[in-house]
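To keep things simple, chains are lettered A, B, C and D as they appear, and every chain counts its residues starting from 1.
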Amino acid sequence: MTKTRLEAFSDGVLAIAITLLVIEIRPPEVHEGERLAHALWAQWPSYVAYLVSFLTIGVIWLNHHRVFEQVARVDGPLLLLNLNLLLWTALIPFPTAVVAEHLGDPGQAARTASALYSGVLLLMGLAFGALFAWVTHTDRLLHRLPPPEVVRAARLRFMVGQAVYAAAFVLSWVSAPLALALCGLMALYYAFDQASVPAEPEPGGQQPPDEPSSWK
Amino acid sequence: MTKTRLEAFSDGVLAIAITLLVIEIRPPEVHEGERLAHALWAQWPSYVAYLVSFLTIGVIWLNHHRVFEQVARVDGPLLLLNLNLLLWTALIPFPTAVVAEHLGDPGQAARTASALYSGVLLLMGLAFGALFAWVTHTDRLLHRLPPPEVVRAARLRFMVGQAVYAAAFVLSWVSAPLALALCGLMALYYAFDQASVPAEPEPGGQQPPDEPSSWK
Amino acid sequence: MTKTRLEAFSDGVLAIAITLLVIEIRPPEVHEGERLAHALWAQWPSYVAYLVSFLTIGVIWLNHHRVFEQVARVDGPLLLLNLNLLLWTALIPFPTAVVAEHLGDPGQAARTASALYSGVLLLMGLAFGALFAWVTHTDRLLHRLPPPEVVRAARLRFMVGQAVYAAAFVLSWVSAPLALALCGLMALYYAFDQASVPAEPEPGGQQPPDEPSSWK
Amino acid sequence: MTKTRLEAFSDGVLAIAITLLVIEIRPPEVHEGERLAHALWAQWPSYVAYLVSFLTIGVIWLNHHRVFEQVARVDGPLLLLNLNLLLWTALIPFPTAVVAEHLGDPGQAARTASALYSGVLLLMGLAFGALFAWVTHTDRLLHRLPPPEVVRAARLRFMVGQAVYAAAFVLSWVSAPLALALCGLMALYYAFDQASVPAEPEPGGQQPPDEPSSWK
């Protein structure tokens, strides 16, 4: 199993999961005497859930590449840890659909939906953290282990994500919309964090292994 | 993040979105005493919507490559602008389903469906235009900035698309079928415009960076 | 637009279309007092339709590569003709679902479903024939135009397919199962025809352009 | 048809099949006065079925690469045998959905669902075994036929899988959950078996053809 194939398969799963999100947004049922515009408006939780999940999976994809850019070898545990990450990521359309259906509900249903949603994201975050910890626990899988402080900073970023998803999980019992907003902010933060990575050098000039700039 | 991976992921999302369109065409419910042929015929809006959306996503794919053929480097904002384009493109199956269900309705429902459809296409067009503006606002991301008049002509083509989608959005309140036809014509125009691009040179002989013919 | 990207996008659409077929097979509704085994058995048309369509799309994929192995350049009309082929191929899950639902019905519904199915396959066959005719109408797009008798034989094979699908379309009014069986036999014939192509040479030793053996 | 394209198409189908599993997990219907948390809990068979099928398809993907790493040439029968393997693998979401719906049922329905599930896995296992037997029946398709005892050991591993799926099929009539657990254990066993494969050498240093270590 080469790294290229692992990446191609992961890219495939992530591209499909992100595109499948749309099939959870159904044309609304229009009740007798209701206007279509009103019925479309009433399912705003579907649109919010689509947006947050799209951003989240997009960011998982960005981070996945960021990590694997540094990886030189793939071993058995890494294969399993990657499959574990894909398992939770490919599951995201399900809690997205539950949130879409129940975020507008009064009472416990919205809170349960939101707890399910942030719970799945938390498990995804833990799976990603475990993969990252395995990759960096030695320099056997990397081109070269980056300086300890760089690894520590990158691990911290993963732990911030996990803490935020855990906070969203707890916050679900207080306010479902707030918890979902927190998940969305997390995705936005990661996205703009990525956006600050400088442009790659000219193609052909591949990133030298001794310059793991993308983790800084 | 290299350009190759950005393209592979985008290709994946576009290929899935274009193929998912078909699951919005369901076998019709056949009422007591109705013939299947009649029931199949009655859902003609589904077929029209499939055709227009298939062409539209196909053309997005063609234009996406046309732009990225010229791109030499990928930076953070380009990643986000591309994710934004994919977000609106991957959403297209939803308004397609709404149009399929309501285009044949009398009154406001058809108009609302058509406005939703052209509204999403307009937002997609604006996202594509923003991506293109970022790519061409300097020569930092390109092999070489093409002559100003070529860039201006290409920008004009994007703005024509946006203007047409905006016109379709407004036209929705007058006639839903006309608005949808306008979206279809737009896709056809882009498709045949692409068809006039001359054949690539022999493979192996990669297009030299100083001949950005595909924008002319 | 290079040939590689055209192939990658087409492969993506074909892989998705062939895998989407399964979502048309739903767990059966089990009526009061009915056994699940019986209900599963009762939806045998779904399994037959899955099998025939899977084979058909698999064979389209095989033939697509067979043709594009010979192609050296991609021009605008070829892009559009390929998009046209994908449009009909990506549509196949829809008539498959209609056949699955109505093949067991008495009377006209089964015949209509079968006519729809073979009609879509016929249009797909015509689209593929048009693409092939364009590719071979001159040697501008090929590494080297193969001997006229080879081209003629390959065109004949396409026309046989179209004739068989046309026959299945007509046969639908006589017997829906027979028409479907004919479509299945067609796919089997193409599949085993492909199976007779000799093994490729060692990788690295790419097929020389002046030996278009795969059309013989 | 080159090996690269066969692998790319197979990877596509496997990535889509594994990601499509999630659309079988629907947001539950919440009955009057029921809590959403309870309704979510009540569909635990869906989660179990997702987990087992995800692992199974993941392992099929791992084994597929393990076999094709050794393959040097693709011939016609191999194409058909691979299409046959994909046919059964792409079908897995269907029995998964049946198990998800009926595993919690009392009586025969759960047993039938479980028999269908392990039956499809058995047919998939036989298809994979046939493919492997064809690949190793001579050294015509391989870089070099590995030592007979290595081939024999690898064949034995395939036959163990088939025997376990056959046992699960029979066990279905005794206990549906036990049969499903057996299928899950099988996937786990294969997964951890893979995990023991040592890390690949540095990229660029491709695995030499005379060292088929991945079969040992």
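Here, a contact is a pair of C-beta atoms (placed from the backbone, for glycine too) under 8 Å apart; a residue touches a chain by one contact, two chains touch by 3 or more.
Note that the structure is a prediction, hence the values are computed from the model and not measured.
Engineer: Centre to centre, using CA atoms, which chain is the farthest one from subunit D?
Structural biologist: Between subunit D and every other chain, the largest centroid distance is to B.
Engineer: Measure off the straight-line distance from the CA centroid of subunit A to the CA centroid of subunit B, and report it in whole Å.
Structural biologist: One centre to the other, that is 26 Å.
Engineer: Express in whole angstrom the distance between the two chain centres, defined as the mean CA positions of subunit B and subunit D.
Structural biologist: The separation of the two C-alpha centroids amounts to 37 Å.
Engineer: Two-or-more-chain contact residues of subunit A, please, as numbers and ranges.
Structural biologist: 8, 12, 16, 20, 23
Engineer: Let me make sure I understand the interfaces: which chain pairs count as touching?
Structural biologist: Those chain pairs which touch are A-B, A-D, B-C, C-D.
Engineer: Which residues of subunit C touch subunit B in their complex?
Structural biologist: 1-5, 8-9, 12-13, 16-17, 20, 23, 72-77, 79-80, 83, 86-87, 90-94, 97-98, 100-102, 105, 108-109, 112-113, 116, 140-141
Engineer: Contact residues on subunit C for subunit D in the complex?
Structural biologist: Per the touch definition, subunit C meets subunit D at residues 7-8, 11-12, 14-16, 18-23, 25-27, 30, 35-37, 40, 50-51, 54-55, 58, 61-62, 65-66, 69, 191-192, 194-203.
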